[in-house]
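Note that subunit A is present in both complexes that follow, paired respectively with subunit B and with subunit C.
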Partner chain A sequence: MAEREAARAAPKRPARGVLYPRWLWPAFATPGMLWLALFFLLPLYVVLSIAFGTLDPVFRSPIPVWNPLNWDPSQFQFIFGHLIGDAGFFGPPMLRTFAYVIAASLVALVVGYPVAYFVARFAGRRRVLFLVLLLAPFCVSYMMRMLAWVNLLEVDGLVNHTLGIFGVTPVAWLSGQPITVVLGLVYGYIPYMILPLYAGLDRIDNSLLEAARDLGAGRFSTFRRVTLPMSRPAILTGLLIVSLPMFGDYFTNDLLSGSPRTSMLGNLINTAVSTPGEAAEGAAFVLLLFALLIPPMVYYARSTSRRSMVEA
Partner chain B sequence: MSEVSLERGRLPVAPSSERRSPLYRFLPSRSNPWRRPVMLETITWLYLLWSILPVGLAVLFSFNAGRSRTAWQGFSLRWYFIDPAGSVWNDPTLRDALFQTLKLAVITTVIAVPIGVIFAIGVDRWRGRLPAVFNFQMLVSFVIPEIIVGVALLFVFTQLTTFIPLGTPAQVIGLVTFQLSFPVVIVRARLLSIGSQYEEAAMDLGASPVQAVRRVLLPMLWPAIFASAVLVFADVIDDFVIVRALSAELSSETMSVKIYNGARSTATPALNALATIMLVISIVAVVLGFFVYRRMTRDDNLGGGAALDQFAAQL
Partner chain C sequence: MTSEGSIDRMFSARWSRRRFIGRSLGAGVAIAGLGPLLEACAKATVANVNPFPLGSPQHPVLWPISKDNKPIASGLTPESNATLKIYNYPDYLDIPTAVTNFEKQYKQYNVTVEISTFNDINEALAKLRTGEVDFDLFVPSYDSIGKLVYGNFLLPLTHSYIPNISQVWAQFTNPFYDQQWRYTVPYTIYTTGIGWRSDKVSEDISLRTNPYDVFWDPIYSSKIAVLDDYREAITMVMLRNGITDILTGNAKTLNLVSTQLTDMISKTNPKVNITDYQDIPDGTTNVSQAWSGDMINAQYNMPAGQSPSVLRYWYPKNGKGAVNQDIFVILRAGKNPVLSHLWLNYMLDLKNAKSNAAFTGYQTPHNGIDPNTMVSDGTIPPNLASVVVLPQYFNEGYRELELSPAVDTAWHNVWQQFKAGG
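Then we have the complex of A and B:
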């Protein structure tokens, strides 16, 4: 009797391994894939066809060329032709971008590492307090953080007032000072550096450090030979997370300097896109930026996805 | 880190300091492995001061009674709603910016989170090359400069089609595209730790695949979904590049765009007041989000610190 019941119930239950109809998961993913295809991949192709397109001779508006066989590389010839030499007006911003981004990322690392290290290893019972304080900047919008420094750094601002006590003449911090821009970038992006560093340092097993000490390593050599090597992936992640967005940053520069003497690649893009007739040039710069960042972005995505697999 | 404090109690580490100079406690002592790292702690506090003080001052000056953003002239709520022309509430451009920001944040969250959640489930369970590519792209969008997405979409909406106007519709599309990775990555992390055994058990008990997802998997995902919604909302409020690139007339500019436009020119504390309102909205969203998140995960036996750790790990 029970057997017959079971036999009748059996066909209802799909066999193991084919629990799901084949279309089920693709159907779940379809809306997201369509969205990304339509609003991420397609736009990149539009940028390509504008950058390699032609210009309307009268209105100077860009005419996209959709067929790759007819693409016209003159925009890129124009850009690369003006990188160096007498008319090399694109060269300095490019170099500056690299110099500022590298400097700001390294300063962020040098400042952020001890902070993350302290909170991960020594904060003890006050860890929650420190974490809240480290997370606080994420609640403050980037623009507000820059506005705060604009207020402080104005010629009659608090920084110059304080320096005045020591007899320093007021400095025009906000008109084309590279140091202001670099420190502004550090200030803006350093929270994104500290978080992955903290996560990485927190994961290091305490017993490894104790073993190093037991084996006679001093505090410094424990750090140099155990902690530092083990936090290398976190350092790399932190550097990528802060430096890649910095390459496209134009607003920090606009707010803290506003001078062509400190303009970066992001500023070139922003200016070109908002100037009538230079849209194609802007598209070419966007492509250049994208091409430049593809290797580090791919590296970041690969290492992150591999790590999440390992953790699971 | 609790091990450290435990060990400190257990080990007879500190040699008696009576014979040493009073400076002993400030000098490094090689014999005490658990001594307080004074240097590190100093650096940490200096960093925190540096990171929080300027913003604190900006908030303070939003309550300035005078027009200056650098000289204190007494406390007042003038720049919030008292001043008949220049305050956030009475200046139509600033007030519009406030509402536009909230509008974009709500619409984007409502669209991005559901798409992202089902996308995450689909990509996680569907083996193959295509989902791998999209998963890869999700991670890339964490580090891609926003200006690339913003300018590319600007070209789409001005050169390719014109039926989607710049302004709110274009801004929402841009924001959803950029924010989609939050729900996807957070929900996927949760899916990886859940595994597939619960759904399989549900289906062994007679649930259809869709029922298993809806009635077993989804309830387990709620905390992750909720956390990602909070993050998307708070992040959209702070967004600048995409919102500015895809804005049309003045009324579609958000608070962050107003701050960008005004920071170096029209200098009244109304701008600080606007920034402070943004700050309060973000803090309320995140703090409320954290407590609801902790309530949702209270069965996971997380202490306050561990819950905060986990919440932070999802940022």
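Then we have the complex of A and C:
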């Protein structure tokens, strides 16, 4: 009781907002919120209005319907009606997309993690040089990088010539091979995996690693019990950053395969939006993809927020 | 309260990982189950009636000229200090020669020609519809005329400026798709057949009973391609089956086409692209559905040191294959109608047309062009004489004319299924 009285009598800490009005700090978010409203929410509503809209009878171009009360769900009916069953021709490219993206993301992680680990832990004075090299692919357009691979992967290209030295018969890499598409995705997006991994690994406090070693953990055990768990948020970030654009990618597939057998969701969207009368269907695919990507986004947000709470 | 705390409350700890994944999977199943529900409240969006006539040789079309869109008067002076704006496909006009010579020919008017490009006709129409562009000339296919006339985009032609129309084949001086050539003049013509390299393919595909069968022959698996053009690919399947009504919306026919396209994927895993002019000569594909103009271009894409004499092209000798054309039109929004007419006349001159064709690879329907002259003047090697489009092809062949919206939608559905992997 006495303690409670003492607490009441103690001088109170100055409340926030004494020097600044309460709205000042939230106001810093205004430009970002406006940006989000203008360039995300508004376009998203346009996509919705097109997906649920109608067609121009002459040009067969989409006519957005802005009033949700008048929205026409026939595009979604068509897509969902063709997901499974005998007429389910949209099902295979959907599953294929998930399979390719998961495989490519995991390969990117397996290849990218050691690179990031090396740069963060062992590059020493050459760290800047390695970072510049990691960023170098961003200086060349994605299209040009993929076009370069088209030349390299041709039947009489450099890759087959090199493999030929080891007695491997020429491989038709560009003839609709799923592995070519997956490796193309890995190649295209792996810098986006390495950079967050590097940032995460670089932030791990060396004293924690030293403590683990002092407590008797070997190199592998230290990595398994300290480094790997502490780099989990970076792994999640990397996986998310590479997988999101992969889900909508169509260019890699078009260039390195071109076969219907490797079509992905991005290819369906691209075909639909460039076809008269099917832009609304393309918009519906975009929304479907958006809906499919919300769960991993939510998982990521939940995971990182929990980590922040623990760290706080 | 921190923002992290807010987020965490949103996804409170009651959501275990297992529960989260379970709910996500449940949502996925629910989404898949939405189909029947949405189907119940769905409504058709495609009009079944075409808003304008669909021209065909049996039903020629005389497009109307509206009162507020009359042809320009004869004998007007060309616009001075003008920039003539041409809206065209990429690499579909000989800029170094044709454009430069036109500017020289009318240098007293200080004309500059400016080329803008589009990748497909839908992109072009969308841009024209914005009303924000003032292109003078446009190069569409003839299956877009209806849209362009009814959209009020075209300027009717004044024939007195275009005497060179007399140089083209008779069927193009009063074509069925534009009777009295009120809005159009012909630009290029082409057939759709099969291209290959004789040193990569051990057989002569033209000797097959049905050469179209090659697209289902497993010996060419993963080394074959069809054009990334729904009209061309579906038409090819129809012709393979002896179906010559290549404008049909018959469900049974389209089902057959769909089944055979899916069968093609499983048998030969074809690539779907429009790089036949490059892939055939460099050996990326051994056999490809091909446009005749692309096969002319293919000779320039042969690997260093290899002769174009190995290139081959098949189109039915009796002319009963797919044959089509592109056209030139003058846009109403253009600022130089007189110069636009002079351009059309210039491009219809045989000398200029041949020079342009040597660059683009695509032939024009001029009286002075035949296989012998094209071979003798070196435009094409003798082994590619079959790429030359003959006048009778436009009588015997099958044209991919404009489809009604409902039929077009049905065709697109077939194509979509194919592109999705069958």
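Some observations on this one:
Here is the rule we use: the second predicted complex is superposed on the first by the 242 of 312 C-alpha atoms of A that agree within 3 Å, B and C clash if a C-alpha of one lies under 4 Å from a C-alpha of the other, contacts with A are read in each partner's own complex, and residues count from 1 in each chain.
Everything that follows uses one rule, which is that a residue touches a chain if its C-beta (ideal position, glycine included) is under 8 Å from a C-beta of that chain, and two chains touch if they have at least 3 such contacts.
A quick note: this is a predicted structure, and the numbers were derived from the prediction, not measured.
Contact with neither subunit B nor subunit C is seen for A:107 once the two complexes are overlaid on the shared chain. Contacts of A:158 after superposition: subunit B is touched, whereas subunit C is not reached. In the superposition on chain A, contact of A:301 is made with both subunit B and subunit C. Counting residues of subunit A touched by each partner, subunit B versus subunit C, the larger count belongs to B.
Residue contacts after overlaying the shared chain place A:73 against subunit C, while subunit B stays out of touching range.
Within the superposed three-chain model, A:33 lies in touch with subunit B and out of touch with subunit C [touch as defined at top]. In the overlay built on the shared chain, the residue A:251 is in contact with subunit B alone; subunit C does not reach it.
When both complexes are overlaid on chain A, the residue A:275 reaches subunit C alone and has no touch with subunit B. When the two complexes are overlaid on their common chain A, residue A:137 makes contact with subunit B while staying clear of subunit C. By the touch criterion defined above, A:65 reaches neither subunit B nor subunit C. In the three-chain superposition model, subunit A touches both subunit B and subunit C at residues 154, 156, 174, 254, 258, 298, 301-302, 305, 308, 312.
By the touch rule above, subunit C contacts subunit A in their complex via residues 2, 4-5, 7-8, 11, 15, 20, 24, 27-28, 31-32, 34-36, 38-39, 41-47, 51-52, 120, 122-123, 125-126, 129, 146-147, 150-151, 222-223, 225, 230, 265, 269-273, 282-284, 405, 408-409, 412, 415-422.
By the touch criterion stated above, subunit A contacts subunit B in their complex at residues 12-14, 19-21, 24-33, 35-36, 39-40, 42-44, 46-47, 50, 62, 64, 111-112, 114-115, 117-125, 127-128, 130-152, 154, 156-158, 174, 187, 190-191, 195, 199, 202, 206, 213, 218-219, 240-241, 244-251, 254-255, 258, 266, 269-270, 273, 279, 282-283, 286, 289-290, 293, 296-298, 300-302, 304-305, 308, 311-312. Residues 1-5, 30, 33, 36-37, 39-41, 43-44, 47-48, 50-52, 54-55, 57-58, 61, 69-71, 115-116, 118-119, 121-123, 125-126, 130-131, 134-137, 139-149, 151-156, 159-160, 173-174, 176-177, 180, 184, 188-189, 192-193, 199-200, 203-204, 206, 209-210, 234, 237-238, 240-241, 245, 255-256, 259-260, 263-264, 271-272, 275-276, 278-279, 282-283, 286, 304-305, 308-309, 312-313, 315 of subunit B touch subunit A in their complex. Residues 54-55, 57-61, 72-74, 76-78, 80-81, 83-84, 89-90, 92-93, 96, 154-156, 172, 174-176, 254, 257-263, 267-268, 271-272, 274-278, 280, 288, 291-292, 295, 298-299, 301-302, 305-306, 308-309, 312 of subunit A touch subunit C in their complex.
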